[in-house]
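Presented below are the structures under discussion, each in the form of structure tokens.
You will see chain A twice below: alongside chain B first, and alongside chain C after that.
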Partner chain A sequence: MEEKRHTSSHYEIELQEIKNGLIYIGALTEKAIQNAMKSLSERNSEMAHKVITDDDEIDKLDAEMEEHCIRLLALRQPTAIDLRFITTAIKVTGHLERIGDMAVNIAEKVIQLNEEPKLKPYIDLPRMADLVVEMVNNSLDSFIRNDLNVAEKVRQTEQITDDLNEQIFRELLTFMMENTKCIHRALLIMHVSKNLERIADHAKGIADMVTYMVTGENVRHQTRDDSAKEPA
Partner chain B sequence: MDVNMIISLQNVNFYYGQSRALNDISMDFSEKKVTALIGPSGCGKSTLLRLLNRMNDLIIGTRVEGKVVFEGKDIYADHIDPVEIRRKIGMVFQKPNPFPKTIYNNISYGPKLNGLGNSDLDTLVEQSLKQAVLWDEVKDLLNKSAMTLSGGQQQRLCIARALAMKPDVLLMDEPTSALDPISTAKIEELIEELKKDYTIIIVTHNMQQAARISDETAFFYLGNLVEYNKTDKIFTNPDVKQTEDYITGRFG
Partner chain C sequence: MKKNIFYKIFFGYLVIICLSFFFLDLFVRDEVKNLLTSKIETELFSYAQLIELNSSEKIAKQLNQLAKISNARVTLIDARGKVLADSEKDAAVMENHLNRPEVQEARLKGTGKSVRYSSSIGIDMLYVAVAVKDGREITGYVRLARSLRDVQNVIERVYQSFFLAMIIVGFMALVIALIFSYSLATPILAMERFTEKLRQGHPVGTILLETADETKKLADNINYLVEELQSQIRLANEEKSKLMTAFTSMTEGILILNAEDKIEFVNQALSNIFSEQYGDINGKTLMEAFRNVDLQKAFLDFKQTRINVSCEITLGNIEPVILSVSISAVHGYPEEEKTMIVFHDVTRLKKLEQIRVDFVANVTHEIKTPLTAIIGYLETIKSGTTVNNNDAKRFIDISLKQAQRLNRLLEDLLVISKIELGELQFRFEEISLRDALEGVIPLVEAKARLKKINIHDDVGENMPHIRADRDRFAQILVNVLDNAVKFTSEAGDVYLEAVQKDNNAVLSITDTGIGISKEEVQRLGERFYRVDRSRSRDLGGTGLGLSIVKHLMIAHGGRMEIESQLGRGTKVSLFFPIHKA
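Moving on to the complex of A and B:
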């Protein structure tokens, strides 16, 4: 059902500014993840450095978004769906800012990796990165469009990224056991994988908040067993 | 809702002449809680409020169907004295309306008419003014005209006057809409205190006020009760879309 517009057009604009702002921050974080991974596959330390410096922009926009939301809480005293939307937006911008930080962590590990020979071809990592970028994109999409189905898809994809991280970890463990000279590089790659897994967690966090925003139900700390028991 | 009920409306219809202003209303008001009645102009909330102590009887051509049960009795039954009902279910109006008498006599007038002796009146006046958080401001001015008080003080005097009759329920029809923000805050603070001892039902156009001070909120539209629930629920996640549209300003 299409949402009716507010009687106050200024309020309507202010709410739309939140959506537009988060779409933009989301685009920056997706680019940060992609560039961090590209800097890994292309062994491009200059690109990795740029990911690190570009994070300042994401941090700045996060602070501005939070300020904008707090201002609306104070001046508009929102209720019901608007209250849940604005409080969700505050959480979403926090998640996106942390995702930016994860991309920085990846870039920092890439710079170190590029100082040594490549350990192995990257197969699972790019796959994981693609999934994670899709999760971030979908989580934001679900927020903008109040779409519970897309939010649920993000929540389910998180398990796949957890499994991939496990798989990468086991493979790298084998490398380390076979050749101790690999340990440093393997550990750095594990960090990259772990940061991608944490990005997926943040994307799921956004999806959980969307569920709360749309339904009023807080699903944030449900276990996977709880989710499995829920009716479709 | 699972609390003690003090007034129960059962399938109430209310008419101004041929025009039906309230449609099949059934709801229970919880004892010693603040219930806010909200809704756009003309929705029937003030009509419902006046129904609760038969103030609508004073309007020619009105008619009630259904039951309004208080203390186990339908207050519209033939043998019920509406004046006695209005003693137990007091009312405070939008515009402060002190009597053109002294502050003291404003409070003592009702109890005196009900036979309370002079020796007890002083105590009652002091007690009522203290309950209305007005005593400290007027204790040395009791013989002054009530008309010399500020708007906020006059409204608290009207509340004290209602309390002097020892009601069970206080009905308030937009009690702060004519007052400045500080006076409004004082009245709201007073309501928070009074609900420990009294049931309060308040009509308000100020949704933030309803959110601040009420325990339960009922939303009306075109004479219908649309939604009635705990205030937290109404203002965070109402069940009915129409309620959400109204409280978020998407109405009209």
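Moving on to the complex of A and C:
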């Protein structure tokens, strides 16, 4: 009896460790996006370089987290919510790692952008960045609190970032048509915007996994189907 | 409780009583029986020997008489066992008696006895036989028999008295047990009720007992313990309330983590800082609550060494809060070591520090720029070799212009410090907004026309009068309008509007210029703060304009508000207090 209680509480500690580790990776990626966007608005290439080097830590932690999860699956053979939690953790850490990579992509483009004069004041881009950071933030919140409402909010915001990306694309297109000299810069900014949009997709992916973890229901393809049907 | 004690005492007594009777019976019963039997035996023997002195014929004749005297059954038996005569039965029908144990014994020893159950009478009988001898030869036996009923009767009587005594003693034991148990149970019961009340947390005084035995001592000890306990509790409560008051009233945020690294306590100040952003953080881990990498790293460092760790963290994205954090151990029982984290909000401090650093850097830079130009040109003129008159005149013009700029800068600085020190004299009067504007707008119109900017003056005649210094009012408006024109591109618009809001006349100047980002709006009004350093110096500002406006507005008892959107334009609202006639 004593022995059993001891092991189960140890098991709980291990689950908590996974949770904490995930939040830690989440915090790192959030910071990476923020710093990448800050390096763009403040034209600070040094900060952009730091984003690129800091990504190594995210990659390393991602690998460790995955191994940790698999070991737990093998040793404890969890069931029901615990099983879903661990499988979700594996997927969430993958999403976070990809988000980190995208922050690196943005930082690389920022370094190139900073070598040339500013094309125009950024208006929609910072707004989009704020939204995306909020989405990542909320998706992690929903994971921590098992909060389906927040997860739903993330899914809804994803559409707005898609629209913003579209808008930025059109705006830059007119710039490029007016002045061929700015094509390079406009394309770089477009890359940044595209990466932000993809980060939003990953945030939505995390929110979907949280819904799966809490309810056991897979909503990923269901919502994609719905949104695909809507325009038709 | 009472019952228990009573039963224990009573049954204890009962056992003792029963045991004593049992042993009494064991020792007395046989003794009494033997004593009585041997007495009868001796008596019978003496009778038998007396009878034996007579001849057999004589005995047979006097048998009934003999039986009467000896109070026994007398039997005369010949040497071969044949019954010759019996005092109670017909001798002819009686069987041979030679093999009876008492007869056998008498044949061998001369006398014999035996106790047997007589089936004919149904009672224990004592038989005594004596051999009748003729010289050496046994000629017959005389046997006497008497029932032992008397012995039985005596014993029964003795036992009756015993039984009576037992009942009396048992009854007494019951009474004594009742008294004892009552006197024992009362103090114990009182103490039990007392401790029960104490356990349930009711207020208790002291326990008073009228006994003088061990229970009294026990009660005294309980009283002492209660007193001790209550004073300890009072002390602990007092300490706790002191600490809680300190925790809740201090401006620093305090957070305590339990042994499992979960948040156990958050004080008011901290929850005020975080409640909006992070919600209820009780019971979460540090990482779940704040999701801050620097904080987590500091905490992990601390956990390894348990030596105090300090760090600085930035929380939040849009409106960052800079916190100085110190982590220290709360010493408790082993395995239950808690952690205390103190958060100190240093955002304002950091901001002020930044402003101070910027100010010194800016002031030296602003002074140095014109001075460098002046010194450069003057040195060229002094060397005198390569300059003709025209060049020298141009150089001197430039130097003069730069010197004037320097002068303007210093004047502006002087104005600000005078306002701040309260040395600037204001002549407040009642002025009409409309009239005041008439005097100011022409001052910037020329410049606006150059950039094809339209100034739309939509201020009505019926605005209430404001309380202001006419010259300073002009200075404020010129500064703001100048900025509006300066930062609006060609063919833009500048709108002037006035509305009355509460006790203020609000004059707003809206332009369609380049706008200012949200973060930078907050810093406008700081001395030498420029949104875009390179551009605004080209446009010929000292970097002190809005700072002066801000200070003058404060001196007027009003305020300045700026709203702006990048690329769309800026709206400056000036709140003037309305003159109360």
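What we mean here is this: the second predicted complex is superposed on the first by the 216 of 232 C-alpha atoms of A that agree within 3 Å, B and C clash if a C-alpha of one lies under 4 Å from a C-alpha of the other, contacts with A are read in each partner's own complex, and residues count from 1 in each chain.
Quick note on the criterion: a residue touches a chain if its C-beta (ideal position, glycine included) is under 8 Å from a C-beta of that chain, and two chains touch if they have at least 3 such contacts.
All values derive from a computational prediction rather than experimental measurement.
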> Where does A:11 make contact in the superposed view: on chain B (first), on chain C (second), on both, or on neither?
Replying inline: first
>> Looking at A:121, would you say it contacts chain B, chain C, both, or neither? Reply first, second, both or neither.
In response: second
> Does the superposition put A:180 against chain B (first), chain C (second), both, or neither?
Replying inline: neither
> A:83 contacts which: chain B (first), chain C (second), both, neither?
Replying inline: first
> Touching A:149 in the superposition: chain B (first), chain C (second), both, neither?
Replying inline: neither
>> With both complexes superposed on chain A, which partner does A:130 reach: first (chain B), second (chain C), both or neither?
In response: second
> Which holds for A:20: it touches chain B only (first), chain C only (second), both, or neither?
Replying inline: second
>> Applying the document's contact rule, which stretches of chain A touch chain B when the two form their complex?
In response: 1, 3-8, 11, 77-84, 216
> Which positions of chain C touch chain A when the two form their complex?
Replying inline: 260, 284-285, 287-288, 291-293, 296, 317-318, 514-515, 517, 566-567
> Given the complex with chain C, which residues does chain A contribute to the contact?
Replying inline: 13, 16, 19-20, 23-24, 26-28, 30-31, 34, 120-123, 130, 133, 140, 144
> In the complex of these two chains, what residues of chain B are touching chain A?
Replying inline: 207-208, 211, 235-238, 241, 243-245, 247-252
